[in-house]
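I've put the structures underneath this note.
Here come two complexes built around chain A, the first alongside chain B, the second alongside chain C.
After this line comes the complex of A and B, so read on.
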């Protein structure tokens, strides 16, 4: 029991202490909260930026392929235009514009503080008018409607056509569209596209195989001529062989060409006459229409079908019209192949280097210098690697390989120019510091007691590294490789020097021996973005494609990273079970 | 395929809405391209980025006739074309300006003859402004005063604001924001030579990596001006009619004025080829050149927004390459 007086004194003392602490300035260094808030804020800001960027790309990319309605605008002078509304904005018409307007319009503009809205329409039909986008101001437009009959035709050439079907010629016979059954156009179009596919197959695949075989024979002859001279018996034999094969292959070629010709003739008999809103007509082969739809008369499900089919075309087809239309399949393929080759090249190099530096090398000045150099390598601008790759890999190494192994193809270079192999090696050089540093850290993190335990059991140094250290360090090493991969997949600048091209004629993998052609130049999604965004004729039409391609590149890197992370997690689990 | 008929009409640029100028026509006397047999092999083109899309369109058209011809296209700027031709790494060198003396010398030193130039298309280098810009005409001297710090064209004073080139109202006090190309580009060189009278660009010119970037820059900047190939025009920008002399008549950058030479910034787009004058051109390259000068080839020129060459030029160049008799 405490005496009441003591309690009073205690109270007084506590109050005095409070007073004192209030008077003393609180040292901000000793408080945790402001720093916590700052750190949390920084993290939140970072997350917000990343999320915002991803959302921007994703939203713009996702909506691009969704069918837009077609608006028909009647202008003040009675003319009509039809197009997809792209975006609207407010603008302030200048005095020279206002001077041409009637008083009513001027009054309307004055009421809205001198601003007037205008809308950008994609009017397409570039071949008819030489313009694919058009701004229409509100005072020029008399009425805007969305008639259900307007259709959009995506064509192989000249971009889309907006209009209606005027007449259809099937197998040489002309039909008016109102005589057609409802599914007739779709059926004929499907047939025409199938024929078109078949023609492409014959020309690319079958005739390509014949030409490839012929080219091989020719190269063999040149090879014999270079090795043994044109006077030798081997040359005569090879020549006879070439002649034999030539007649053989020639016959096959003729047969295939005749088949393709027959299909093409049949194809030419199916055509369609399209008419735009002003009545101007244009006849095109039915097979030159990629797809068509009437967006104003379509429901959700039909739109979804068009949307999905556009995505499918985008990821599975080759580009058309100087890369602004069609798909990006070669670029997806090139990016993935490049990244995989990069990992194959960078992983062993980086890991072996780090192992030696950390486990075997005597830690002294020399190793310190090497380590600093490696760290500095990470800071060299990537374009410098590109120049090095071009000079050393392509011109020096590649040129030597050409002279030794491909003399028959000179002067056209085989390895002596940029290509997939040289690009992946250049990127491997670029990213190897990341792997080295990460691997060293991972090795250093393996507890000393484990090594000593292993050595005490009589294991050799190599056995210890192989069985104890490496498995333990593996997740860390893989993290380094994942970082390297992500860095490499997004890199474009050095590639522009060592092998990326706007239009690559062939994929690096095909059906001809040796199947994987590392010397070929290739397309890359990163470069494709640059090309479509900065180089295409119509930047307005190119912009959505930039977002779609960016979305695809981010998704591709994401998928590859997820794959690597899954492998890492499996390894972690495996080694977690084998602990002491 | 049926070609559209109708006359080439000058784009009526009233109130910002240029409506229904008819599409560009190609010379009907150009020959129709017919594929021949025995054409295969691979081609590589290194050069101008102005011609990059056009080369790609030609390559696509050519490949559709000869599926087994392999064509690779690289376009990093006109200055990259001559070294690649000399080194033999490319067969075609597209350039948006003629080769310089030093470049021709380097070629001649290696091969003993001069490279052959093919005049593949006509470009009117356009001066672009934002679509709301009311400016009606600029003389080359004014353009020089806007873009150049040396003003060799003879303009008396620097043009730093839109008021300096005659605009009134809200425009008068607004500084002109400049967009241009980087120095590897042939467009940069041509504009410097003709519009700047070989003077120097102002340091404030924002150099862009591609032709279409210039247009995008001008589209997003209301007080901007920039130069680029006419093919890159979008709905967000306007081309300014140009006059060669102070007080002279202003001409639109359309095909008619480009052919007649009235438009002061019209130029040919070249493709340089290594043709030995004593030998016949090999079939792949020969057919490609023929394709460029055919109806289909010149149609691709129109598709890319440039102006096709008339058949007289096609014939001259084809004869010079001994491709027709």
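After this line comes the complex of A and C, so read on.
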């Protein structure tokens, strides 16, 4: 029995102890929330950056091809200019500009802290004035309107033209535009484009085939000369054969050239005279107009048609005008081909290396050193890989291949220079650490009980790896390959040394044996972005193309990743629910 | 306690001589095993008799699994492992340099403590030993699968879902599947390392029934923690303690009239 007083005292003591412990419980370590906030904040910040970047690219990329209205601005001095308004901003006019202004304007500028608004117009007509873009300040512009008759013509050369149709020459007869029936211009333009397409087919395809055949014959002759000497019977025979083929092919060529010439003559009889806002005229062949439209008079659906046709041109055509116009089809193709070849090269190489490291090698100091080296390889600047690829793959390996297999083509290199194959191998080297590390992790994660179960059934080590370990590690391995793929597809610097070029109209795949030409140089979306954005004559014109190409590159990588992830998830589902 | 240990050390193994027997399947002779510097088995000598169920019992860490895994050389996987003595299977030393380990393992099925079905279909799991042998004859594979699944009393439960994932089975079913896999390769010996320790009582009793059924066809060596189980299913029992074989003989004798006090204490559940 405890006395009541003692109980009271005990209660007090307990309460006191509780107070003390409450006073002590301010240690921040014991509170989870601040850390949670920090972690969550970091994540949110990262997500925000990525989302912001994607939104910027997506928005700019998506709106680029939408037809913009054409504004006609009457300037203070009475001149008129016509152009697409690109953007407006505030700027600070310099003293020499201010000096020319009337006091009212000066006062207005002073009221807004020395800033004045101005608008950038794309006035096009580069061939007439030598300028694509023009800034118009608000005090220069007297009035701005959007007359429905203004048209934009996208041309094969000199960029777009903004103006109106003055007259049209159809099959040599000149007609005023108001005499044309509705749709007449469109019909003639369609015909002219079809003719132009046909001329290109003849020149590229048919005449290209003739040239290719002729080149093959010449190379065969040289080959015989190198192998057997110029005095041999085989050489004489090959020479006779070349002569025969030469006359044959010569005739074919003449026929094709004549056909092309006829088409070109016909083409020259259709032309338009365009007039710009100031009345300056310019005559161009009808076939040199890619498309034309009058944006101020168009409804939604017409704009959508133009928009889609521009996108289609972008993904299906070759670039023109120093890559700032036309399409990027060769670059899309090159990027996809490069990435696929990269995966084909990196996957077996990385997986086999990791298999050996993890499953077969004695886990000693040596393996530890190798492992550390592999991990550090991931930190080597990618341009170094480019240098290595150029020196080892292109010059050394490629040079040797040329000497052994293509002596007849020397001194012009076949494999002995940058190309698709060497680029993909260089990127494979660059990304192989990712695959090795991921594969090793995946192999290590396969439970021991699985291996033992298999070995106890009398399976050999290799059978166990092939039938049990690898399938189970496959999702992890694929994750590594996906990471490698994404890294490789976005890499540009090393490619500039080992095979990417500004313009390569010849795709690495075509109809001539052996159909897949891995030695060819190629275009790449990443390099295209750099080229258009920073190497072209007119960075303002290239800017929208930078966004669209970036959008396309991101989309391409996204699609390839989604594909790989879907494969991985299917594999994962097969092994789902495994609890060991 | 100290006295007992002394007795163990001095006396060596106590064998209850057994009349008759269908001959030896496995002969372990003065077998020692070291994990690196640590010795896990000390001079174990015992004969596993053909066609009977031999139980290995003893407290945790006494080397039961080590001995069992030495019988089909599963210990080979461990780095720094050393052995001494001999284990003969069908008269041949399995640790001889010319011994084909893979062929050896094919003659012994093994069932592990935790069910370890492969992440494949039930069917593919069962015929795995045949796949490994490169057998692709469909009829033979199907017949083997059915025979093995009937043998492990699983056929009725899975015959309609042979091509579904084995990972969808319950724990007890998975363990019976592993037994089916072990007998599919038509082995002579079945090694079982506490096959019921991860299972619930119902699944456990099923597996025990199964072991009794299999007993006639295979030589079975089973490690168990469970005295009742050892008493129920085994013909011979080996009691191990601290890496040594203490007492070995007919199960009834070892459980009812053991020679050593230590054995008596363990089988009556006073320690372990």
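By our rule, the second predicted complex is superposed on the first by the 538 of 580 C-alpha atoms of A that agree within 3 Å, B and C clash if a C-alpha of one lies under 4 Å from a C-alpha of the other, contacts with A are read in each partner's own complex, and residues count from 1 in each chain.
In this section, a residue touches a chain if its C-beta (ideal position, glycine included) is under 8 Å from a C-beta of that chain, and two chains touch if they have at least 3 such contacts.
Predicted model, so just to flag it, every value in this text is computed and none were measured.
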item: Which of chain B and chain C A:417 touches, first, second, both or neither; value: first
item: First, second, both or neither for A:574, with chain B first and chain C second; value: second
item: More chain A residues in contact [chain B versus chain C]; value: B
item: Touching partner for A:502 - first (chain B), second (chain C), both, neither; value: first
item: Partner chain in contact with A:453 - chain B first, chain C second, else both or neither; value: second
item: Contact residues of chain A, present in both the chain B and the chain C interface; value: none
item: Residues of chain A that touch chain B when the two form their complex; value: 75, 79, 81, 91-92, 94-97, 100, 120, 126-131, 133-137, 140, 157-158, 200, 203-204, 207-208, 211, 215, 278, 280, 282-284, 320-323, 411-413, 417, 496, 501-506, 521, 533-540, 542
item: Chain A-facing residues of chain B, complex; value: 1-2, 4, 14-24, 40, 42, 49, 52-54, 56-57, 59-60, 63, 67-68, 70-76, 88-89, 131-132, 134, 169, 208-213, 215-216, 219, 231-232, 234-236, 302-305
item: Touching residues on chain A, where the partner in the complex is chain C; value: 363, 447, 449-460, 463, 467-468, 471-472, 574-580
item: Touching residues (chain side chain C, partner chain A) in the complex; value: 72, 74, 77, 79, 102-103, 105-106, 108-110, 112, 114, 116-119, 128-129, 131-133, 165, 167-168, 178, 181-182, 185
